[in-house]
Amino acid sequence: MLVNIARRLAAMLAVMFIVATMVFFLTRLAPGDPASLMLGDQATAADVAQLRKTFGLDQPLIVQYVLWLKEVASGNLGQSIFLQRPVLQAIGERAEPTFFLALFSILIAAVIGIPAGIASAVWRGRHADQVASGLAMLAASIPSFWLGLLFMQFFAVRLGWFPVAGYGDPGAGLVQRLYHLVLPATVLGIVNSALITRFTRASMLDVLSEDYVRTARAKGLPEHRIILRHALGNTLVPIITVVGLTAALLIGGAIITETVFGLPGIGNLVVSAVLRRDYPVIQGALIVIAGIYVIINFAIDVIYTLVDPRVKT
Amino acid sequence: MTLPAPLLDIENLEVTFRTEENSVTPVRGVSLRVDAGRTTALVGESGSGKSVTSLAVMGLLPRPAGSISAGAIRFRMKSGETSNLASLAPDVMQRLRGSEIAMIFQEPMTSLNPVLTVGEQIAEQVRYHTGMNASAAMRRAEEMLGLVEIPDAVRRATEYPHQMSGGMRQRVMIALAMSCNPRLLIADEPTTALDVTIQAQILALIDRLRKEHEMGVLFITHNLGVVAEVADDVTVMYAGEVVESADVRTLFRNPRHPYTQALINCLPARALPGADGRRVVRSIPGAVASAAGVSGCKFAPRCAHTLAACHVSHPALETIDGGQTIRCCRWRDL
Amino acid sequence: MSDPKLVQIRGLTKHFGKAPALVHAVDDVSFDIARGEVVGLVGESGSGKSTIGRLILRALDLTAGTVEFHGREIGKLSQREIRPFRRRMQMVFQDPFASLNPRLRIKDIIGEALDAHGLAQGAARERRIGELLEIVGLQADHAARFPHEFSGGQRQRVGIARALAVEPDLIVADEPVSALDVSVQAQVLNLLQDLRQRFGMAMLFISHDLDVIELMCDRIVVLYLGRVMEAGPADVVSRHPRHPYTKALLAASPRPDPDARHTRDLLKGDIPSPLSPPSGCVFRTRCPLADAACAKAVPMMRNAGPDHYFACIHATETTSPEHVR
Amino acid sequence: MDFTALRLFLKRLFKRKLVLFAAIVLALVVILAIAAPWVAPFSPTGMKVSQRLRPPSMVNWFGTDEFGRDILSRVIYGGRASLGIGMAVVLASMIAGTTLGLLAGYFRALDNIIMRIVDAMMSLPDILLAIFLVAVLGASAGNVVLALTIVYTPRVTRVVRGSTLVVRELPFVEAAHVLGVSTWRILSVHILLNVASPILVQATFIFAYAVLAEAGLSFLGTGVPPEIPTWGTMIATGQQYADQAVWLVLFPGLAIVFSALSLQLVGDGLRDMLDPKLRKAL
């Protein structure tokens, strides 16, 4: 089992290394020299050259890469060009709305998606299945920003039930702040429930066709017990996996929803960094977000190893 | 001669599967009986309908597509009363499964739930049918594992299926089946997936339990060697119908139906000496699929004794001397 | 040896995986196949019978040992060097459904064999495909069909036609009838017998069914956990088995005769895992004759008569022990 | 292709009425986009300031935008760009992903390296990776295609690799190997033909995702330049008028929903009729 965990850990580091490498070299493909970007249009050639030297940009690319990798490995993601502070700090300041948004929307998605998926697998081909599968497909076809705009128009502008946008005034209490998340989390929850519904349905169908479910029927157990204990027991782990990974992807994937609702989260930070060509922030955000995904993935693997008797021994 | 009422008496069973476009009848005209304390082997090749028949008895036909469209399945319960399983309400049928009728399957590797210990899986059934408390049910589970000759049963009860071999898992399945003292055990190809030396152990085990518990066994198999080993009575199916039934000695010594004769003759062990010293097996031409859409005798397209009448009229299942039944219009002259 | 052997394998060994999950699939197996001879490999799961077939065909790489084909050592040839030999030896598979590509027509499945070795083109190719189909009891106009249009037995015939296309000297038949219904089994067994007589190729016939093996084979090799237990002429081994495992296997095989029912001496316990085979004689954990000596060393092959050998130190009626060849 | 096979294929595919309906909707949307110059009632760029922000009417079925342009015409033209980009992304990512997936699934040595890169790319949310790539490459329709291709290739790779791992173990592949068939032919005939169905299904889903992602990028202002009417840019520029003229965002959004929904329904129909053995690998 320890060997397994060690192997996972190595794979996790490899993934992070590849992400970092990809991010570094792709950024260098970008048009425009980082130094001149930093100094703006008025800078003289001499100023630019000076800055290039300070940042080591005059060194060969591979040397820069190694130096940068070292920095990243030691947890230093660099300075933001525009925000005048370390990238990590900038991300930290924006973490709260993103974290809560991801949390609430995945909860909503799971609460809708898991029961819907189970129901549509159990009543496969019947009306319940057609309705649940159809709604899931519809939800997966709706652009989140469009649904967000419509919800905003209806529930916030017309009905005035929720704040239109933002994350409350500075100094607003936690409840006030969370109140601003109701609409965006609902939108994101609906859109993501589609994936969870389909995945739950598919894994449930797989398990329901297993021989041991037939054995459970031959034992004379009531149908609800067969579904809850024998079938669900065997689909729980994959469902938890997909919920966990979706949550991880929402940390960076909520960009559009954050933009629609003007939430000062990580996604918003990334979009403004892209528009301002603030490359250190983009690089840093990508690495942090990939890191969160990889860590959650690893955690799920470890839990899986602990829970499933077939992996344990 | 008055025979005691059979434990299981299937009469003219017909099973239909309906899908949106069409309906098929994989089983029709199936009649067979299983007596208490005896083993009836149900023999047939793939597509003969033997497994569908067993699922119909268990009330486990895939829903909503499959249903019993005609016939009766009379079963004598522990209480002594007989009920027709074909017309029982689903919740009543559910309570009979596992307690009155138990079933074991072909694939021991996949028939047990991988995330529950084998003890839990047996205890679950015991608790559900007897209302025993958890610890008593677990003790019963351990006792059952001992009954099926699993060494170190108390420890084994805490193991998961993947920690056991195929033969061991089939023993667990048998322990599970026996845990509520069923009157009837349906064994659907229980040794097909096992090695011969393990198969011999499992066959001996089932036979011992049948004797000790006065239990009826419906043993479904395609293997005539196994039939000769375990059966008291044999029912042969072809293309969804029963074509012949007899006690095991009569069937092997004096098979009356051309299909039964051919099936026994095409065994490698019954090969005949051919030219140049080699032995040749006698084969049946064609495949089972050739029975599709046949209006007369289903076996006529492959039969060596076909008359014109065989293609036209569908023979009925007739009872001849000694309780042997046969579905062939030429049985008198063959 | 006077007659030149078609295949000679010596010390054939195959391990899968790495420690601690090292599977001893085949361990130190030696036997010969003469030209035109049918040798049966019989054993239960984990005996390594299928692996041996694949090692001879070089569908798998050897861990140790040698395979001589027509007197030429082919055990260490690279996949490129082995290609010309693929014309001389072919395989028939167990599963008639999975062994034919469902997306190809029959003529492309058989034609591929011809193309791979440049045996026939154009009209000659088409003619040859039709001829092959007729040889295996199908019709030439079946060539345009897809596999799903055939029954299991017919597909198995197509698989045999594919193997025959290159006119091999050796066919490895890996459980060729065990996925078929009894009535269809007989057809395929008879077909294989006819073809063997007609074309005179040798066959390595792999099966778990002793009746089938006895019917089809000239000689039998009995395997258990990757090792040879007993080898000899088919009728001798099945009538006068010497090794306790062969005896147990014969006793456990159900006979289609209700009068021959008897209480048997059942082998106790399970087949050990090939991950950790017992020391010494691999059969000793289930053997009625086993004692402490059996754990010490792998038993030598003993001669029990003309061309009849077995590996047991206890079985009685011994003649003088000696190595196989 | 012989027609009986095609007819059987279509008959099985359209057994579910909903799938047939979705295919018809999809065909209509595609035809409208291709025939835009002939079917659009107005020019997509013809401004009429006097007619700005008109609600839907008999003349302008979907209303007009802030410059008085006909929204129906713009939605029809927008389909050209949105569907065109989606199609290009599908083709490119299918080719790249299939190649990589076959290589990873068949050659053990390549598997590790290809799959680690795939893992790395899939550890980033689609939209984030796309934004980053467009930012690096520069905003243009071609670069949006390139970026989305890079985003979706790993998904295809994973599916194709999974199916390849299943198919390569099937006896007909071993049979071909034993016959002496070349590795190239084994890959391109035996394996590719048998992983084609899951690839086809995946293609329809990726088409839908690509249309959605393009719209998202355009909406954020990090995609296609706003001058080009796509469904995404229309919603992006329309959003500031959403409180007075909701039709500016409603209709382009509905166009996206209908296209994506019918694509996914067709994909689902394809999956339903797939070979059940390959279905698990999907």
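We call the chains A, B, C and D, going by the order they appear; numbering starts again at 1 in every chain.
As a convention for this text, contacts are C-beta pairs under 8 Å (C-beta built on N, C-alpha and C of every residue); 3 or more make two chains touch, one makes a residue touch a chain.
Just so we're clear, the structure is a prediction, and the values are computed from it rather than from any experiment.
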Quiz item: Counting C-beta pairs in contact, does A-D beat C-D or the other way around?
Solution: A-D
Quiz prompt | Chain centre separation (chain C, chain D; CA means) in Å | solution = 50
Practice problem: Provide the C-alpha centroid distance between chain A and chain D, rounded to the nearest whole angstrom. | Solution: 22
Quiz item: How many angstrom between the C-alpha centroids of chain C and chain A?
Solution: 54
Quiz item: Pairwise, which chains touch?
Solution: A-B, A-D, B-C, C-D
Quiz item: Mind pulling up the chain B residues that touch chain A in the complex?
Solution: 58, 60, 94-99, 102-103, 105, 107, 110-116, 124-125, 128-129, 160, 162-163, 173, 176
Quiz item: Hey, which residues of chain A end up touching chain D in the complex?
Solution: 11, 14-16, 18-19, 22-23, 26-27, 29-31, 133-134, 137-138, 140-146, 149-150, 152-153, 157, 206, 249-253, 255-256, 259-260, 267, 270-271, 274-275, 277, 282, 285-286, 289-290, 293-294, 297
Quiz prompt | Contact footprint of chain A on chain D as seen in their complex | solution = 18, 116-117, 119-121, 123-129, 131-133, 135-138, 208, 212, 215-216, 219-222, 232, 235, 239, 242-243, 246, 249-250, 253, 256-258, 260-261, 264-265, 268, 280
Exercise. Report the residues of chain B in contact with chain C in the complex, numbered from low to high.
Key: 45-46, 165, 167-168, 195-201, 203-204, 222-229, 231, 248-249, 252, 262-264, 266-271, 276, 278-285, 287-289, 302
Practice problem: Provide the residue numbers of chain A that touch chain B in the complex, in ascending order. | Solution: 210-212, 214-222, 225, 229-230, 233-234, 308-310, 313
